[in-house]
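Below, chain A partners chain B and then partners chain C, in two separate complexes.
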Partner chain A sequence: MATTRFLSKGLNYLALAAVCLFFMFPMYWMLKGSLETAPELLSAHLLPGSISSEAFRELIGQASFRQYFFNSATVAIASTIVSTTCAVLAGYGLARFKFPGKAAMSRGVLFCYMFPSLALSIPLFNIFYSIRLGNTLFGLMLTHVTLSLPFGIWLMWQYFQTIPSAFRENAALLGAGRFRTFLEVELPLARSGLIAVAIFAFALSWEEYEFAFVLITSEASKTLPIGMTQFVTRDYVVWNMIMAAGITMAVPAFLLISFLQKYLVAGFTSGGLKG
Partner chain B sequence: MANIVLSGIYKEFTSGRETHLAVDGLNLDVANGEFISLVGPSGCGKSTTLRMIAGLESPDRGRIFVDGRDVTAVPPQSRGLSMVFQNYAIFPHMTVRQNIGYGLKIAGMARADQEKRVREVARLVDIENLLDRYPRQLSGGQRQRVAVARAFARNPDIILLDEPLSNLDAKLRDQTRAELKQLHQRVGHTMIYVTHDQLEALTLSDRIAIMNKGVLQQFAAPSVVFQQPANLFVATFIGSPTMNIIPATLLHGEAHTAVHIEGWSASLPRGGSEWLGPTDVSAALVGIRPKDITVHDGHVEGRLPAVVTLMEPTGSDAILHLDADGRALVAQVADRFDFEPGDKVSLDLSLDHLHLFDVDSGLALYHGRAKYGARPARAHAGPTMAQGAA
Partner chain C sequence: MALHSARESYPGQNTPGLRDQAGGRGKALRSIIGTAIVAPWLLPALLIIGLVQIGPMLYAIWLSLYEKDAFSFTWDWVGLGNYETLLQSAEFWSAAGFGVWFAVLSVVVQLAVGVPVALLLHQNLRGRGLARGIVLLPYMVPTAAMALVFALMMSDIYGVFDHILVSLGLIDEPIPFLGSHAWALPATLVASTWKWTPFVVIVILARLQTIEVSLYECAKVEGANAFQRFRDVTLPSLRSTLLLIVMLRCIWMFNKFEVPYLLTKGGPGSETTNLPIYAYKVTFLQNQQGLGAALCVVMFAMLFIFASIYTSIVKPEKEIEVE
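What follows is the complex of A and B.
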């Protein structure tokens, strides 16, 4: 009995370890590569030969890299704020109000969500250049909002529907008007949904490549994913720099998301109903 | 303090192709400071009625008046009344203090006054030591108190309660029920209390409105609905164990009407105030409460013969399930627990406590003249018929 249980537990862990290894290995490889010098890296040993921060120092020393990082952060943060705000307001409207064309609009949201986003790139390019938003961070930010908003609206719409009407009704009876009820009662109750939307919007914008590639041409407006490609030249790939840039991209996103996730802990909003 | 008048209220719900009449022509007037209950089986329209008074639903037809002012179209936030929801709906992201004080904050009360008032009502329901907790850190009973405290905090004229005790266990329910009654006596708001529990309604209210399928059946003091039920529905809904209903034939003479049940008959004097309906019908339903049946050992001539099928002792009483010639009856006897299934007994039905109901309409035709522990029904006396019903 005891042995079989021990054995099955052991097998479980073995399987878990294998899966972890499979998914974590690229991360490890990226970290290892970023800490090696270029010649060492090409020898492709499993363990780093020596540890050096050369790649990072050189990367951060480059003014263009700092510019890319700043551009990326600006676009990601701005599009997260715009997308989340619009998603919350639109989702609330769809969940709470009756208005003509509501059915068509909600179906439209779902359709936009399913629409292959790459098919938007040429039309967006045309539109943005004709209204002089081409090659601007503002245009790129709007593009990212376009991409993340349908899902955000859909999620907030669903989320607001799960909030029992008794909270809203009770707030009204206590004298709260509609906007106050939204701001002080319903929005806090929808916090988990809001954070999920924010994480989604941020992650999408932070790593977005195709639209940035199509819309941005000037060096000063490039974002990190585009900027990184300059380490791939015609004759030589600067692997350790690419790896280091990858790490500098992953770490802030990871930190931000884990910070936001702390607030996703279920149970925060429980306990208001029933006995 | 305020009085409420509901006049000709209709409310329909449409879901898909079906329409469902939830409240059908309801008229109700609640006096200033009165505690009334809306009682009836689940789905009879109690919550809908309460929500229309609160302004959370609007009636399809009819008007609602508060202190003579027509409030039918006034939104809930401007009606100045509070409600305790069945599921409490206390805000999970606010502390107990913030929950109780939320209405005060909206009303623009100064911070110090808010704190004072919050403490005051928290003391009233005994949750002063919980003010800094979040709802998830409270037990069901404590949450219920928070909901009550929040409703009382703004000192509204009218407090509506929708089955506020139904999520509590039996012991806590009894205790909280008594506390609610004390609270009402101390503060004196006009209160409308929704429950499906007739005992709760009997113990708490000055008057009870009994509803069935959206229609008001009777609206009167607890002693009246218990002793003079307007119809068969009220008679069988109020009181526990349930009133026995036995088909009977009537034979009308000069001065008396003879009531015949298989194996038993009695004669009731005609023309008195006990008679309410037409006195010429030839069939009726006899209604008699279990405690108004006296049980004697053995078969005695002139009494209704029966056989004991089951005895349920309740501590002080025994509930006897009987078979009288194929009819199932229930009797409640005090201080005797020596009955066995199969015992032959004979029954006396107390004529002073006998009711007759019309076979077709169910309306009361006759009420025996006896009053249990008679006391005139007054609006604010809070008659305690609980003992009679228990």
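What follows is the complex of A and C.
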């Protein structure tokens, strides 16, 4: 009995190690590749021969990389602001007002979200050109807003429902109007929900590939995920630079989402976060 | 929170008989007022969703009835001609078939890896917290970055997998994983398993943590062994969670563009081309915009049916009541 227990414990730890290895290895490979020189990387040894910052220095030296990075940051910050604002307003509207078609509407928002970005971006390409949003960061920003909006609305809706109506009634007694009550009493109480929505909005926009891939054709408006994949076709020898670009992309997203682990479950099960 | 009809919102109105006649008008008026008050709050969100999601869908339906290429401004009415062309094209059927096959297969693999990993991480093992963090890693890595590192690792010239296999003597020649008939699909599956299994693990782990410990204790007292406890306590509790995961994952995997595209470009030939990749090729590489739009409409229709089933099983507005 004791031996079987010991054995099964041992097997468990072995499995745990294998799982960690599987999920860590590609990350390790990216980091290792970014710290090597190009010829070293091509030899594919498991351990890095030497560590150098050559790839990062070369990457930052490229004007196109700085442009992609700037574009990505602009779009991500702008879509975070727009998405959070829209989500807060809509979530509040859903939590505080009763109106016909509410259930159908909340379901409709999720419904639209089921459609592939690529199939939306194909017709959107023509629409954006005809309303002069083609190749603009503003147009791309609007598409990125819809990535975080369903989950954002859902989460804010839930947050506003947890705020007791006594707060609102007191504010009304003191003479505050509906909007002032919302802004000065209820919104601060829902702050942690708002922060979660904002971080998700940023992370989802930061890594978005499909809309940017189809809608942006000019070099000046390309974002980092599109730009970095072009290093591959342009020049086959710069794998260390590509890995370095991967690291610069992964780090911000990584830091942000790791704060929000507990919201991931809610996002996944509500269907409001694509995975 | 129940469904909101105007009647439920104003309980005073619910007295039967007496106010039936006046009630009809009052109800309509109230619902108009209700809509007018709530409109400004919802409008910004609805406008953007309308522009980015509803607009393109309607536009695609319209465009799919015409023949149009990217360089001309002429629209030639062909009615349902584009759909006819699609249904008769072997390429369409192979893309649709591969799309469904890839979605089903990858979800099966994700479950086959994800469920045991979740059960393992639920055990009381040392280093469990760290391991949970590590399993979350792939979700946080941007997909484009992840696709590129897999492309590097699976390369036949400087890829680490071939390097290991050759130096162990298991294969004589490096295999071009992403470019070979036999390996393109398995290679894509490995990459997508890495990236999206965390979804399965996170959701199942969260559900496992809510199962009452007393249920297991009861089963133990009754003399159930470990396997019986798993079959009779764990599995039934996971059932609805698993259903949800299967549906969501099938939809998301069916929609994937960037991973198969960045890894294999839909090749070799068109073997790993799913519907999103095919639609992209038709519209932008073959310049048949009408046909591309028809493809989008077909995708919308397929997902609409699937999503209807999903939302009738999982009601988003009911979820809120639970919390």
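Keep in mind that, in the parts below, the second predicted complex is superposed on the first by the 212 of 275 C-alpha atoms of A that agree within 3 Å, B and C clash if a C-alpha of one lies under 4 Å from a C-alpha of the other, contacts with A are read in each partner's own complex, and residues count from 1 in each chain.
As a convention for this text, a residue touches a chain if its C-beta (ideal position, glycine included) is under 8 Å from a C-beta of that chain, and two chains touch if they have at least 3 such contacts.
Remember, predicted model here, so these are calculated numbers, not experimental data.
Asks: I'd like to know which partner A:239 touches here: chain B for first, chain C for second, both or neither.
Replies: second
Asks: Looking at chain A, which partner touches more of its residues: chain C or chain B?
Replies: C
Asks: Once chain A of both complexes is superposed, is A:176 in touch with chain B (first), chain C (second), both, or neither?
Replies: First partner only.
Asks: For A:10, decide between first (touching chain B), second (touching chain C), both and neither.
Replies: Touch status of A:10: no partner.
Asks: I'd like to know which partner A:122 touches here: chain B for first, chain C for second, both or neither.
Replies: The answer is second: A:122 touches chain C but not chain B.
Asks: Could you look at A:29 and tell me whether it touches chain B, chain C, both or neither (first, second, both, neither)?
Replies: A:29: touches chain C, not chain B.
Asks: Residue by residue on chain A, keep only those touching chain B in one complex and chain C in the other, then list them.
Replies: On chain A, the residues that contact chain B in one structure and chain C in the other are 268-271, 274-275.
Asks: With touch defined as at the start, can you tell me which chain A residues reach chain B in the complex?
Replies: 164, 166-167, 169-177, 180, 185, 188-189, 191, 267-275
Asks: Please name which positions on chain C make contact with chain A in the complex.
Replies: Listed in rising order, the residues are 1, 3-6, 8-9, 31, 34-35, 37-38, 40-42, 44-46, 48-49, 51-57, 59-60, 63, 116-117, 120-121, 123, 125-128, 130-131, 133-153, 157-160, 163, 194, 196, 198-199, 202-203, 206, 241, 244, 248-249, 251-252, 254-255, 257-258, 262, 276, 279-280, 283-284, 289, 292-293, 295-296, 299-300, 303-304, 306-307, 310-311, 314-317, 319-320, 323.
Asks: Which of the residues in chain B come into contact with chain A in the complex?
Replies: 54-56, 75-77, 79, 81-83, 85, 87-93, 102-103, 106-107, 134-141, 143-144, 150, 154, 167-168
Asks: Could you list, by residue number, the parts of chain A that touch chain C in their complex?
Replies: Spelled out, the residues of chain A in touch with chain C are 12-13, 15-16, 19-20, 22-24, 26-27, 29-30, 33, 41-46, 82, 85-87, 89-90, 92-94, 97-100, 102-103, 105-107, 109-127, 142-143, 145-146, 149, 153-154, 157-158, 161, 203, 206-207, 209-210, 213-214, 225-226, 228-229, 232, 239, 242-243, 245-247, 249-250, 253-254, 257-258, 261, 264-265, 268-271, 274-275.
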